[in-house]
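Got some structures for you, see below.
Shared between the two complexes below is subunit A, which pairs with subunit B and subunit C, respectively.
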Partner chain A sequence: MIGLILRRTLAAIPVLFVVSIIMFLLVKLGPNPLEMMKQQPGFTSKDVSRLSKLNGWDKSLPSQYVYWAKNFFTGDMGTSWVQQRPVWSMISERLPLTLMVTGASMMLSLLIALPIGAYVAVHKYSRADYVATLSTFAMMASPSFFVALLLQLGALKLQDMNGGNLVFFTAGPPACVGGGDLLKVATSCLTTPIEVFRRLSLPIFALSILQIAGWSRFLRSELLGVLNADYIRSAMAKGLGGRVVFMRHAMRNALLPLVTIVALDVAGLFGGAVITESVFGLPGMGNLLLSSLGSMDVTVVLAIVMIGAVLVLIMTTVADILYGVLDPRIRVT
Partner chain B sequence: MSAASYPNQPNALPQPAVGAGASVTLPGRAANDGGAVTAPSRTQFQQMWDTFKGHRAAYIGLWVLGAMVVGCIFLPFVLQDPAAPDMKILAATPPSGAHLLGTDGIGRDVFARLVNAGRISLAIGFVVAIGASMLGATVGVMAGYFGGRVDAGLMWIVNVLMTIPSLPLLMSMAVLVASPTSAIGPYIKAFPQWMRIAFVMVALGWMGISRVVRSQVISLREQEFVEAARALGGKDTRIMFLHILPNCISVIAVFTTLAVSGAIIGESALSFLGMGVQPPTATWGNMLADGRDLFSILQYWWTVWFPALAIFVTVLSVNFIGDGVRDAMDPKSQKK
Partner chain C sequence: MGQGRITRLLGLALLLIAAATLAAGCGAAADSAGAADGPAQHGGTLTVAMEQAPNCLNAWIVCGGMAATSTITSPLFDSLLITEADGTKVPQLATQVPTTENGSVVETKSGGMDVTVHLVREGRWSDGKPITCDDLKFTQDLMMDDRWMVSSRTGYELVKNVECPDPLTAIYHFKERYAPFLSIVGGTPLPKHVLQGKDFNTYFNNEITVSSGPFLFDHWDHSVEVVLKRNPHYWNAGKDEKPWIDRLRYTFVPDTNTLKIQLRTGEVDVAAVQPDTSVREELESFPRGGYQIKPSVFWEQLAFNTSKAPTNDVNVRRAIAFSIDRTQITDTVLRKQVGELNSTVLPAQKDYYTPAWSDVKPDSKRAQAYLEKAGYKREGAYYAKNGKPLTIVFKSTAGNNLRLKVAQLLQQELRQNGIKMEINMEPPTVFFGTSTIQGAYDIALWAWSSNTDPSQRTLFSCDQIPSEANDFQGNNNYRYCNEDVTKWLKAADVEPDVAKRAELTKRVQVQMRKDMPLLPIYQRPDTVAYTDRAKGLANNPFGGLTWNTADWSVTAQ
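And now, the complex of A and B:
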């Protein structure tokens, strides 16, 4: 396993380089922030040249990239030209919130999707199956930001029913994610679980809807295939209990492909956080990405995307390790 | 057992592709079956069509989608100008006789806008689906057929692209193609904006299907019909695109249908973030995104709910069709 992790780490280095080059080019070739500035009144050409010198925009693209990459891969994410602050300090105050929301959303999706998928696969073509199928299709057909808005509406209705007292907040982060490092945030959030729950349950649920629909459908179709397999019949025939056959023989095999899907969807979750955070007014990474793209703040955009890419690479490696645990025949290299 | 479902026949030809060509081989095979045939023989396409029709949701979805497409193509010719506000109103009014679905904040007819927006949204959906599956299938078949370094290289590119979180990538590319001051601005100015957004979605949407096609091609290329084609002197491109790719049609068809809905939803997400097709060109996505605050949803519900309904119904139909196509293409589920 350590060998696997080492090899993956080595293989990740060129991938991360190419990812950073792609993103660098995309942002750099986009609208020129200086052009946007020039349209503002009171902005002289002297300011423009000063600003472009300050940020190194007068140099050639390759040398700008090399300068950025040298700093980035030695642990310095650079400075945001908009806020004139180190990028890492901007990200570190937003990372805990996004990690909390996406992580919780992944757990919640699994907690809901797995039982539903398993239940409807066993009770194929039952009424529950039709209801689940219809609602998963409906979930997939609704734009996620609109569902998030409807959830907010529902929260307001709930407030009316509750005699004017807010049950779930529709906007704003819990107080405990204000600042500091991951550990500090985690401990202070654990001391105020009720507030965190009231603040974050709506965004987490909004973010989970697509995953719940997708994963439960996927598990259902996988299970249907597995349950027809000969080895399930043999297991039943040799007198094993239904529960043992289902958990050890059927579920274990059906979960294998799901592991890959879940790992790949983490990238989607990370992206979906952009929408969720902007609907619910959460100061997370997604919101930061949105505003930085608006102002072409290349260092911030690059840092966020790179963190996302690293997260994806970690998740795929974890998935491969889990593969080996779930199916001892598979030795991933 | 029906005429055409016997995969175990020793010298059976490879599963013929969908299309007119399939009907030629089957009656002959039925005759070889030794009189066991009772039902009139049907082509493979007919069987698939029957299975598809048996999937009620998919069948209804096909009709709904067809009606939407026809409506969006032809209705704009008879409706009023979607961009022109009603000078007598100039404000949001609820549905009435004069304006079937009401008017929006500056008095434009919601129905006319909805239908015109449908043209763009559906066009994005179909262009992206067809473009992405063509690109993905080409990459997949090349990687699987040539193997070796070509395979490793192409799949490495796929891996890299899949490593970047998709929405941020989509957002930055959308910003890039949207702005006239960007470095590539002058070259793509000629294309309407919806087409640029569609190109971006094609460029980012082909990786999934290329992996699936590749894995199928790897097993297909070892089969006898490929060897036969090569023995007859078929060139690589001919074998890849005329012999191997038609055998992957089922996964490609399913992917293509689902990509339509993915593109429509994706466009609405981009519109919500302000990076989609810009007004005054209406799409379902930006009409829905216009009412992004709770006040509009409550107060001017008709400006929000109808585009939402349009997206919902379209995507739902497309997904059901995809489900039906999957069933129809799967030999195990074909009706006898």
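And now, the complex of A and C:
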């Protein structure tokens, strides 16, 4: 296992290097973001030149990249030119909310998708299967902004039914997520669970819809393949109970490919959910990435992309290890 | 067995929703909206929703260049002069508006000018220190300090120095005559006693430690909100002891639909709503609230690239202009929220405004005559020259729904007059960063922002055309050059006398109408929506949403 981790780490170095160069060039080869400010009265080309120089953009692209890379790989993510703040502090204050929303959504999705997928696989072509199929297709076909809008209108209706008092907030984060310290945020949010529930229920649900639909369909199709396999028939012929066969043999094998998908989605947690965060006014990582791309804030974009790349690497390694745990035939070396 | 488990799960979910409902019922009772009108009273909190969060709180440096920062910091800083909704300048920290008539503006023999500003005796920072000429001098020096990322130095560069004959008098010595001097001498003073020796690139970025306005900075939780609190030592509190409200809270909601829903639910009290076709109808349907729509300082215009064919021919530009029904654009795309604009100077800039483009109405015969004058002949559906149909490339910013609707209307109208228009919507960074400054378009739609001063030299004079030779300096993206216009623009910029300057500015308008480097379309609507809890709001496009927060109050419950 240690060998696997070492190999993956060594293989990651050139990947990260190439990713960073591509992202750096993609953002840097665009036009000077300060040009957009010339729409304002009094902001002239002279100001663009002066400020570009102050930001170090008058230097050559290779020297700008080397300067960034040297700092990044020694732990300094740099300073945002837009906010004039250290990039890490911008990331760390948004991370708790993103982890909270996407993490809860992932758990909720697993809790709902796994039983549904298993049930409809066992009862294939039943009325429940048709209903589930229809529902999941409808869920997959609904864009998240549309689901979000429906949920917000639902909250408005619920407010009217509740004598004008809000039940679920339609946007905005709970107060407990401010500050940026993950532990403090967790402690603070635990003391205000009702507010957190009222604030985050709608975005979590909106975010879960697509995952529930996708994962339950995926599990159903995997299980249908496994349930027809010879070893399942042999297990049944040996006289093992249906529940034991299903849980120990069928489910365990059907879950293997799902582990990879969920592991990669966990890596995606860091990037946040751009549309959901935007619609529900949640200042998470997705929003940060979007606004940084818009303002061509290269240090922030690169930091998020690089951390995302590292997380993908870690989670694929974790998935490989889990494969070994779920299936003893697979040796992780 | 399964059914029992499902029932238990459903029960748990219902219990959670019931708990949330109960908590909401208890918590929201005191904040419920829909209260009746009443006189202003002290106390309460108003929540302002903004679509963008600020990058930093320092409105003077580049990270504070967006409207979000000025919306938040405007209640923290009073200025020497403020601009009322009708464009009139009135004194705030100054005793009067400096003019040549009242002797405060004097031309010097060396070709420069001296502007004298008198500060009010009562002006105080929130820590009790008086606001003096030292602060004005310090502000000027700060703007010109190369270490700081000051957004724009236009005008400040022309000030030789600021002299302080006494603490309440400042004399600005300008190196040359500078007509837009009020934007410099009427600005916002910064506190010398707080900022001296500090790093201005960072010191005011996350908190403002002293204020001269009706509110004090309370806190900025980057992820959640910015909160201002009442300044108990406000120098201009008056007999009403303003401001009325205790706290002003800013939240950030990037999605316009969500913002409107939040106004409906009462989660926010005040919001500036992005312009859209059906905004008025939507806001009228709000059960507990109101709205104000006014023409903003952003004016949309159709720019012609005068440096390349086919729009380098004035007859083609005129043919396009006389093919366009601007009234139809404002009637259908904006449903009459604003009317058409007939000048590059806003009507609120009263002294300088002349509706030079008012005669440009849709006129097919005239448009076709101009095309024929340009050497085009009708060949089938389109006019053509040398066998090639007249094709115009239109560019604007992608993601702007209103501009796309305008583009589609223009396409139809031009087609009716035999001109083919291809629409190319680009990301704003590409559009503003490359296409406009490098002249990579035929016609383009974007907006300029005006302030109270009518100076437009950087937009239209010959020496402001961006090119490779001048490293793309200048904002004359039309690549328009008329030596007379340039001469008048330069003269207007150094003419402190309002009447003489107005005459020059109007002459520029009339000439540009003839040369047609652009067609003004409309002033973007500035919409402020609010719940019936919020009172005292007065939409002022020049001053921004929060220009008069001292007068805001929460309705008596």
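The rule is short, and it goes like this: the second predicted complex is superposed on the first by the 317 of 333 C-alpha atoms of A that agree within 3 Å, B and C clash if a C-alpha of one lies under 4 Å from a C-alpha of the other, contacts with A are read in each partner's own complex, and residues count from 1 in each chain.
The criterion applied here is as follows: a residue touches a chain if its C-beta (ideal position, glycine included) is under 8 Å from a C-beta of that chain, and two chains touch if they have at least 3 such contacts.
In this text the structure is predicted, and so the values were computed from the model without any measurement.
Looking at the shared chain after the overlay, A:62 reaches neither subunit B nor subunit C.
For subunit A, the partner with contacts to more residues, out of subunit B and subunit C, is C. In the superposed model, A:239 makes contact with neither subunit B nor subunit C. After overlaying the two complexes on the shared chain, residue contacts for A:75 are found with neither subunit B nor subunit C. Contacts of A:328 after superposition: neither subunit B nor subunit C is touched.
When the shared chain is aligned, no partner comes close enough to touch A:3: not subunit B, not subunit C. By the document's definition of touching, both partners, subunit B and subunit C, reach A:152. By the document's definition of touching, both partners, subunit B and subunit C, reach A:35.
In the overlay built on the shared chain, the residue A:278 is in contact with subunit B and with subunit C. Shared interface residues of subunit A (contacting subunit B in one complex, subunit C in the other): 30-32, 35-36, 145, 149, 152-153, 156, 278.
The touching residues of subunit B, counted against subunit A in their complex, run 159-160, 162-173, 175-176, 179, 181-184, 261, 265, 268-269, 272-273, 285, 288-289, 292, 294, 297-298, 308, 311-313, 315-316, 319-320.
Interface of subunit A with subunit C (complex): residues 30-47, 49-51, 54, 81-85, 90, 93-94, 97, 145, 148-149, 152-153, 155-156, 158-159, 162-173, 175, 177-180, 194-195, 197-198, 201, 278-281, 283, 287, 294, 296. Interface of subunit C with subunit A (complex): residues 16-17, 19-21, 23-25, 28-29, 32-34, 53, 55-56, 61-63, 65, 149, 151-155, 183, 201-202, 205-206, 221-225, 251-255, 257-259, 261-262, 264-267, 428-430, 432-434, 437, 446-451, 453, 455, 458, 466, 471-475. Interface residues of subunit A facing subunit B in the complex, by the touch rule stated above, are 15, 18-19, 22-23, 26-32, 35-36, 137-138, 140-146, 149-150, 152-153, 156, 264, 267-268, 270-272, 274-275, 278, 289-290, 293, 301, 304-305, 308-309, 312-313.
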